[in-house]
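Below is one structure, written out as structure tokens, with a few remarks after it.
Each chain gets a letter, A, B, C and D, in the order it is written, and its residues are counted from 1.
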Amino acid sequence: MAELSIDIAGLKLKNPVMTASGTFGFGVEFDDFFDLNSLGGFVVKGTTLHPRQGNSYPRMAETPSGMLNAVGLQNGGVKYFAENIYPRLLVYDTNILVNVSGSTVEEYIACAEQINELDHIAGIELNISCPNVKEGGMAFGTSCPAAEAVVKAVRKVYHKPLMVKLSPNVTNITDIALAVEASGADSVSLINTILAMAIHAESRKPVLSTVTGGLSGPAIKPVALRMVWQVSKSVKIPVVGIGGIMNSTDAIEFFLAGASAIQVGTANFIDPMASQHIIAGIDNYLDRHKFKSIKEIIGGLQL
Amino acid sequence: MAELSIDIAGLKLKNPVMTASGTFGFGVEFDDFFDLNSLGGFVVKGTTLHPRQGNSYPRMAETPSGMLNAVGLQNGGVKYFAENIYPRLLVYDTNILVNVSGSTVEEYIACAEQINELDHIAGIELNISCPNVKEGGMAFGTSCPAAEAVVKAVRKVYHKPLMVKLSPNVTNITDIALAVEASGADSVSLINTILAMAIHAESRKPVLSTVTGGLSGPAIKPVALRMVWQVSKSVKIPVVGIGGIMNSTDAIEFFLAGASAIQVGTANFIDPMASQHIIAGIDNYLDRHKFKSIKEIIGGLQL
Amino acid sequence: MNKSSSFTKTKLSTYTGLPNPILAIFAHYSNAIYLRMKKSVQNLKVVSNQRLNKDHALLELKSEVLLEGILPGQFANILVDKSQKVFLRRPFSIFQVDYKCNSIFILIKGIGEGTKALSKSLVGDTLSVIFPLGRGYTFPAKRSKVLLVGGGVGIAPLMLLATMLKQDNHQIEILLGARTGEDLVELENFAKYGTIHTTTEDGSHGTEGFVTNHALFGEELKSFDRIYTCGPEPMMKAVARLAHLNSVDCEVSLENTMACGYGVCLCCVTETTGGHRCVCTDGPVFDIKQLKWQN
Amino acid sequence: MNKSSSFTKTKLSTYTGLPNPILAIFAHYSNAIYLRMKKSVQNLKVVSNQRLNKDHALLELKSEVLLEGILPGQFANILVDKSQKVFLRRPFSIFQVDYKCNSIFILIKGIGEGTKALSKSLVGDTLSVIFPLGRGYTFPAKRSKVLLVGGGVGIAPLMLLATMLKQDNHQIEILLGARTGEDLVELENFAKYGTIHTTTEDGSHGTEGFVTNHALFGEELKSFDRIYTCGPEPMMKAVARLAHLNSVDCEVSLENTMACGYGVCLCCVTETTGGHRCVCTDGPVFDIKQLKWQN
């Protein structure tokens, strides 16, 4: 049994396995499946200042080894979250992060301020990379000045760990990561989904109501791994790896590439127990390879 | 039997199915499998001014519904091509394009000049998007000024159809496409591979000798489709769709998204007959849906 | 909202054993408190696979964990590991439950990659199944006359529904529609729980036409206390319209493309009077009043 | 460069029918002009699948197209359509050819997803196979004393080689190495074509140690005109070094990760005296002089 705990710039995780926003509901949906306290942490659904109905149906398309989604941040708004969901989360003894999105910098600020009041929320994951909303969303994550502006603004009002979630839809993700680091982010998580599209040939229609959506799942793992590797070589803050992680071997690859923790996303749909198998598998890997702690393999790729 | 022929800015294809550079050798390797004259055209291996040994082994990694390659433009140089390969291509009655790469604008020019002398070569596909070489390659395809410079320079010396192959590793592919169009490209082809990475968890080593490589295959189809759709809405020149096309349904999706022709890449490895099945399947689709010509479905996505 | 939640602890006092040879004996329910079964991921063994006609197969899947109360209309999300092209699980209604053998039955119509691969499962194969999922049909509070209307493979959730309604001693009429007589499956088993009526588009079995062309949708419709339906959306909409016109309660079971099946991805929404709702958790069964389907 | 090309039209005049029950009768070759078979993509039917030990299976695949000359060392690239995780084909040596039944044999050791899925093929399944691919072993021009050295599943190309060398009337010694006696398969069939020697790492069968620990690699080695080998790279390198030291010709069959298998992707290169060469077309068989393996 190796040491699995890790500190992500103030977030003390009992193990490096978290679950990704938008793929884990509010956590409570998993109560039937396993004890949530076994997780290093979990990130709840994308939350915005105002309630959002999300995009119209259809919102999902299956693709080779992956899927597209165009949920569009359906959520009840931060007030609804604080009043109706937050109280149900108090029972859990793990790191709960809220994934925050907005159409304007002001919305991000207002939302973050309210979350700052919630003691039991360990941190914010700032989503500057959602490809499925018309305004804001990904726009903040694809230009350095925009990313800087929103991170600086939120940093002023939010005093707990601030993780910034990066978009892969850029020419140079290290530029964005460096900008975000300089603006006060405590850590970065990557990647969000890749902007993509599906067409139904027989009906000659787009599969998604929004035409384009975000690609996730094993298909994007090689891209995510490359970006985690590039970013972790460039920034000093911890990197959280996300993208197509289905099993512990995938997770190990991300640690080797430089991730200090990982998030399990689409894998939750294929197997709600995925995060549990991953935790066990990481432990087994470390034991087999005689590592005493997860820290020994972070960035441990042998070139 | 619908009309399958299409004119791609001067390239008269008997059908819209070509095969992609780097996945079809010099064509001759397929003689055992089928009659190459059945193709709309084929693009031979990436060719450079000087001979290149390519990258060290290993150059390939299998990934979920895809693969990484890091061949690194191994080729005998344009002179070798002209003297040893070109004569063997004279027997074919189809459009043969040479995929041209370089580390400097001067290399691109010198290579294009030599290909301009080869009567039986129908056109050049200018590769400004190869992720697997240290110098040049993708760098030309990820910034507008660089793309403009190389396309303008080659346009001056090359007087037959010039197709420019775009990189998906950019924030905004339409910007690059517009720049390339303004610089004299007759058509654009997209996408080249997505920069990605694979790690072997047990040995803790990168799978590829070059650490990163290019992702191709069905995994990238949704991304390719999105980019073809975006670009075809922006430019006036024809768009050639590439990326994960395995069967005729995939091909139809690209036509609907706005491609005037397609290239079959990685699918050739899974099934050397893929291009043949695709041609037959397109014909069948058009008949079933009572279209008289392939032209009727290009950009025919119903929003 | 959906009344099925009231079934998490219900006394099904009218239960009697079932004679159906291939199907369940609900000894578990008999005079017992009905407990909601927790959803879980299980590896179920294929103990039989009967081909019913050219595209329908009936799988029996045995669990190692004691099955508890499963409601009609609840579904299972099944992993397809033998096909290269299928990534996500595929949802299927729980067709029947055999508590004695501790197995569930799944009726599969092969229409695409996933369903075709699953319908070829071999006895001895293991399938990863998440179940039971979703809210099922609700039961009338008093003895009622009910109409079950199934179209195509939409008959799937109606078998367990009929079984349990019969336990509750309701008066049951069952109307099943298909394209041709060949496409009608499991009529004999349905007949054990109620009076069977059929329609086929080509007239090869029962009334010619769609289910709504059947005489039951004439004057008699008003005599029913409730209609339960599952089938293609246009069929369910036609049934819902007539139910509404005749002021009969009606519950429909919706289909939707699902990624998770248990309420965390928000991909499977449908428009309801309460806004976007997930078919996998707020449904798949909805009262037509919740949808905007009355007209 | 590789002499196998001289075999595209060769008279194998010494051929005689083979008694091997499960294997080929090469009537096709007998006193006939040997024609190179064109490579093609074929759907081959699995006509038998014998499990040889815990991880080795021997598949017989029947073709609808008349098989023509296949050279020992040539391989087949097989699609794995029953596993979700395998995208590319998997290369396998052609273990044996039965021209009478028009079938090829493939020996598979299950080590990962693809090989395990293929080794579970059922009789009646259809596999998409591209074959014959690559350049095989070359034959001595005059009657020779040859040594075949196989390690692990590297014995696979040696069966067809032994068969054809025997037709050509050469003197054949066969040395097979494995981890344990359990891991040695097909010894009886090999024994039909030459004298068998074995080594095992645990000493449970034949000499204890690696193949190069066998007495054949002592003084006797010089008496051979040629060594053919296939197995793990360290083994082949050790064999190559001793062959070189003793001035014996030596051909090795290399493994490599392949995307296409027929020379168009340039993914499978190996370093040779002539620069990067594709293992799938310039090999898989190389003369050790082409590689930098003499020392």
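In this section, contacts are C-beta pairs under 8 Å (C-beta built on N, C-alpha and C of every residue); 3 or more make two chains touch, one makes a residue touch a chain.
Please read all numbers here as calculations on a predicted model, not as lab measurements.
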Any chain in contact with chain A as well as chain D: B, C
Chain located farthest away, centre of chain D as origin (C-alpha): C
Where chain B and chain C are represented by their mean Cα positions, the distance between them in whole Å: 49
Computed distance of Cα centres, chain D from chain B, in Å: 36
Geometric centre distance via CA averages, chain D-chain C, whole Å: 55
Residues of chain A touching at least two other chains: 61, 63-66, 217-218
Residue list for chain C, restricted to those that touch at least two other chains: 86-87
Arrangement of touching chains [line / ring / star / complete / other]: ring
Touching chain combinations (by label order): A-B, A-C, B-D, C-D
Of chain B, residues touching chain D in the complex: 22-25, 29-30, 32-33, 45, 53-54, 57-67, 69, 71, 74, 217-218, 266, 268-273
Interface residues, chain D side, partner chain B - complex: 38-41, 79, 85-89, 128, 130, 256-271, 275-276, 281
For the chain B and chain A complex, residues of the former touching the latter: 61, 63-66, 68, 142-143, 169-171, 194-199, 201, 203-206, 211-212, 215, 217-223, 225-226, 229, 244, 249, 252-253, 256-257, 285, 297, 300-303
Touch list for chain C against partner chain D, complex: 81-84, 86-87
